[in-house]
Amino acid sequence: MTALVDEELLERAPHDTNLPRVTPHSTAEITSHLRTPHTLWCPGCSNGIVTRALIDAVLTLDLDLDRTCLIAGIGCAGRITAYINWSTVHTAHGRALTVATGAKAADPGLNVIVVMGDGDCVAIGGNHLIHAARRNIDVTAIVFNNSIYGMTGGQMSPTTFEGDLSTTSAYGNVEQAFDICELARAAGATYVARGTSYNYLRLSQLIAGGIAHKGFSFIEAMVACPTYYGRQNGFSDPAEMLKVQKARAVPVAEFDRDGPRLRDRYPVGVLHHAERVEYTAAYADVVRRAGERSRG
Amino acid sequence: MPQPRRLVEGNEAVAEGAIAAGARFFAGYPITPSTEIAEVLSRRLPQVGGHFMQMEDEIASIGAVIGASLAGAKALTATSGPGFSLMQESIGYASMAQVPCVIVDVMRGGPSTGLPTEPSQGDVMQARWGTHGEHSIIALVPSSVAECFTLTVEAFNLSEAYRTPVIVLSDATIGHMREAVALPLPEELRVAARGEPDVAPEDYDEVMSTVDNIMPRPALGSRYAVHVTGLVYDRRRGGVPATGTPAVADGLGRYLREKIYHHQDAICRVEELEMEDAEVAILAYGSVARSAKAAMKWARRQGVKVGLVRPITLWPFPTEAVEHMGDQVRTIIVPEMNLRQIAWEVQAAVAGRAKVVDHGRVDGKLIRPEEIAALIRDEFHYHHFEEMA
Amino acid sequence: MAEPTADDRAATRHEIRLSGSGGQGIILAATLLADAAVASGREVIGTQSYGPEARGGASKAEVIISDDEIDFPEVTAPVITVCLSQEAFDAYAPLTVPGGLVVYDERLVTAQPLVKAQPLEGLRLVGLPFTFLAETELGKAIAANIVMLGALQQLTGVIRADALEDAVRRRLPAKIVELNIRALKLGHDCAAQTERGPAAPRRRRVAAGRTGESGPA
């Protein structure tokens, strides 16, 4: 049986409840992990907040950065790979988890962090998400969920809520939005969390918890896209969109488990935490048994 | 002292060739007629400390292969037409991002689900141009079980040397055929190692491969910080996106082509038989080359001067060798299990200096020696008729 | 110039087709046959039916054995056809080249109707009780395919008996090797007896299609 949590990593991060306590690093220290001060993210976009939360989480856990890689798909979120100066892979649209799976399987000692957008992760990459979760491979997947396709200019995504306007739902979206966390949990992810870009420290802590967890960790980061989601759906101000996140987010302990997750009310925190044998550990056992059989 | 001769299936030989080439990662999805490659590797890879994965589809399979290769492992996948189509997006990615990997396509009748258990050569152009955008590719075509082994080893060597995806184009006949072969021993093989770039990690951002010095990509998790992307990138600055600079895009695009075509002489392998005095030649590849060889032997027994040219490397197309054929013979017969895909290439290469006779089959049946013999006979009749007139 | 024929392609080329139903061990028999030929230093190619064809009732495996390089890998002119089911006999016996040999399980195949409707000119037809022998002598009907191989070896000489025995020892699990060696011997003896002349009462030779004693090429 493999450990639920990588004890060595957790020891380096003081506990707060059962998650690592994240100490924010200075801006100078954070920016030393960036390749460039320029991004193509719009003013008011929350992607920068989550990027910083990720860097804070990784620095808090004191990961060996030579042994850490960041793998992302295509979309606004995927561009993170061009900005963070660790080893990064900007894959094809929807395929980040497949590349991450191959990298982790080939070198189980790598710390593999995956960043995806909502369309990237659950539309074109949905099949890969459920199978990565099913395998329980030790990868930390972070979805930047802005409920819209930003890079292509504001089309509806699988997390766009019913009634929402987008450039491809001019009369209001008629499709039900995915609850990605429920999807990941049902598919077998052993660590599932949701945080908001409003609550920075908590988000960073949830990411750190996911990285420290041995198994498939899934973190949904609620991010605001004022340019394409906000403008089309009645938000004029990025700050207002963050405040709305605060109003809608309900700590998981206070959320009715059986109640539906709605646009206006959703649980945040660690939503699911389970112990199950991790994929590369299970395969190491296959290698051991195959070796024994071929020898004798 | 080679290994003893034994009965080996084509697909099994591909799997053993991959192990011998140092492949330690396979990801794939079951599909006839390639499945035996996955089955053999699921048993063999863990025996040598490697890793086998059955993925959710072919898209995931090639993605995982790219990930494993980036992490430093020699990696392959195997599929057939429908799966090969699904992989095209990421074959383009591997081409653009210069990720060494091997894709084995055991061709079957198509398009679509087509003829799942019957042979075809319908994917030869897809191997060349299946992914979008200007790119170069290497494709090797085995004609025997022994070549399934040796060309898989060669595919890995080429993919490492030129940092490119390499395609092995087998087919249902070759893949499912069992043949008596003595597979080479490890010490008889040349196996390329991945290696590291010949610069220090801190200088890595400032160097650029040239066509004569293609540096290996350092592995994820090594001391080198790399950025891998499918966007147009600056080859010097650690590969960061440079989509706004046409000159950078142009330089990258031309480099990706030239790093292969500059080495055409080393990459292109062609087998020539009885070409010294040939008046008519057959150009055939893969399983069809076997029928062509039988027809050529028959023709020679009749005293008719027929030769055979068999491209082992199909891409880059061995243009020089085929150009030369245009000066050697008056007619080139191109039998293939598709309708003119390679015949067009031959026609372009000989540029009217020899007549090109194409013969295609798309019914899932291997072209028979008799069919090629009939074309040879027609050619010589025509010749005599001309002389009499 | 004539069209190439099977004879033209290689005088030493033996194309052998084994056919029957799924579960009769047709593919294994072909593998053992091919193995034995490889051990004798000959060129060998083996193919078998795949996919839906293999999953249906019918099973077919083909072996080409030659002293020369084998170019065209498919069987087009079988000189030896083995049929372990009626369906297989009806489909493949008529495809055997003139002068060729058709061996079938006489308890599973009725040769007469087909032979009457479509005389198998120039073929040597040999019916032997493979399944019956396997059942009564070995207590394992499933070994009929190996009994057949023993008979085929005796009838054709296309492979050596010791090479076939070695193939059985190499390919099969140790605990069933001896049983299968006995199966080979059983088939061998049964065929030898048939060839020697008057058939033993339980072995009936169907001669309706016989036009001569010509064996396989």
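Note that the chains take the letters A, B and C in the order they are written out, and that residue 1 is the start of every chain.
Definition applied: a residue touches a chain if its C-beta (ideal position, glycine included) is under 8 Å from a C-beta of that chain, and two chains touch if they have at least 3 such contacts.
Note that the coordinates shown come from a computational prediction; the quantities given were computed from them, not determined experimentally.
Trainee: Chain touch graph shape: choose line, ring, star, complete or other and state it.
Mentor: Line.
Trainee: For which pair of chains is the number of C-beta contacts greatest?
Mentor: A-B
Trainee: If you average the CA atoms of subunit A and of subunit C, how far apart do the two points sit, in angstrom?
Mentor: That gives a centre separation of 63 Å.
Trainee: Averaged over CA atoms, how far is the centre of subunit B from the centre of subunit C? Could you give it in whole Å?
Mentor: Those two chain centres are 38 Å apart.
Trainee: Can you give the whole-Å distance between the Cα centres of subunit A and subunit B?
Mentor: 39
Trainee: Residues of subunit A that touch two or more other chains: which are they?
Mentor: Residues of subunit A never touch two or more of the other chains.
Trainee: Using the touch definition from the top, which residues of subunit B touch two or more other chains?
Mentor: If we look for residues of subunit B contacting two or more partner chains, we find none.
Trainee: Where in subunit C do residues touch two or more of the other chains?
Mentor: none
Trainee: Residue numbers of subunit A touching subunit B in their complex, please.
Mentor: 35-36, 66-67, 69, 71, 74, 81-82, 85-92, 95, 97-107, 109-110, 127-128, 130-131, 283, 286-287, 289-291, 293-294
Trainee: Note which residues of subunit B are touching subunit C in the complex, please.
Mentor: Going by the criterion above, the answer is residues 5-7, 32-33, 116-117, 172-173, 176-180, 287, 290-291, 293-295, 297-298, 301-302, 304, 366, 368-370, 373-374, 377, 380.
Trainee: Any idea which subunit C residues touch subunit B in the complex?
Mentor: It comes out as residues 1, 3-4, 8-9, 31, 34-35, 37-38, 41-48, 50-53, 70-74, 76.
Trainee: Spell out the residues on subunit B that touch subunit A in their complex, using ranges where they run on.
Mentor: So the residues of subunit B in touch with subunit A come to 24-25, 27, 43, 46-47, 49-51, 53, 55-57, 59-73, 75, 89-90, 93, 219-231, 238, 240-241.
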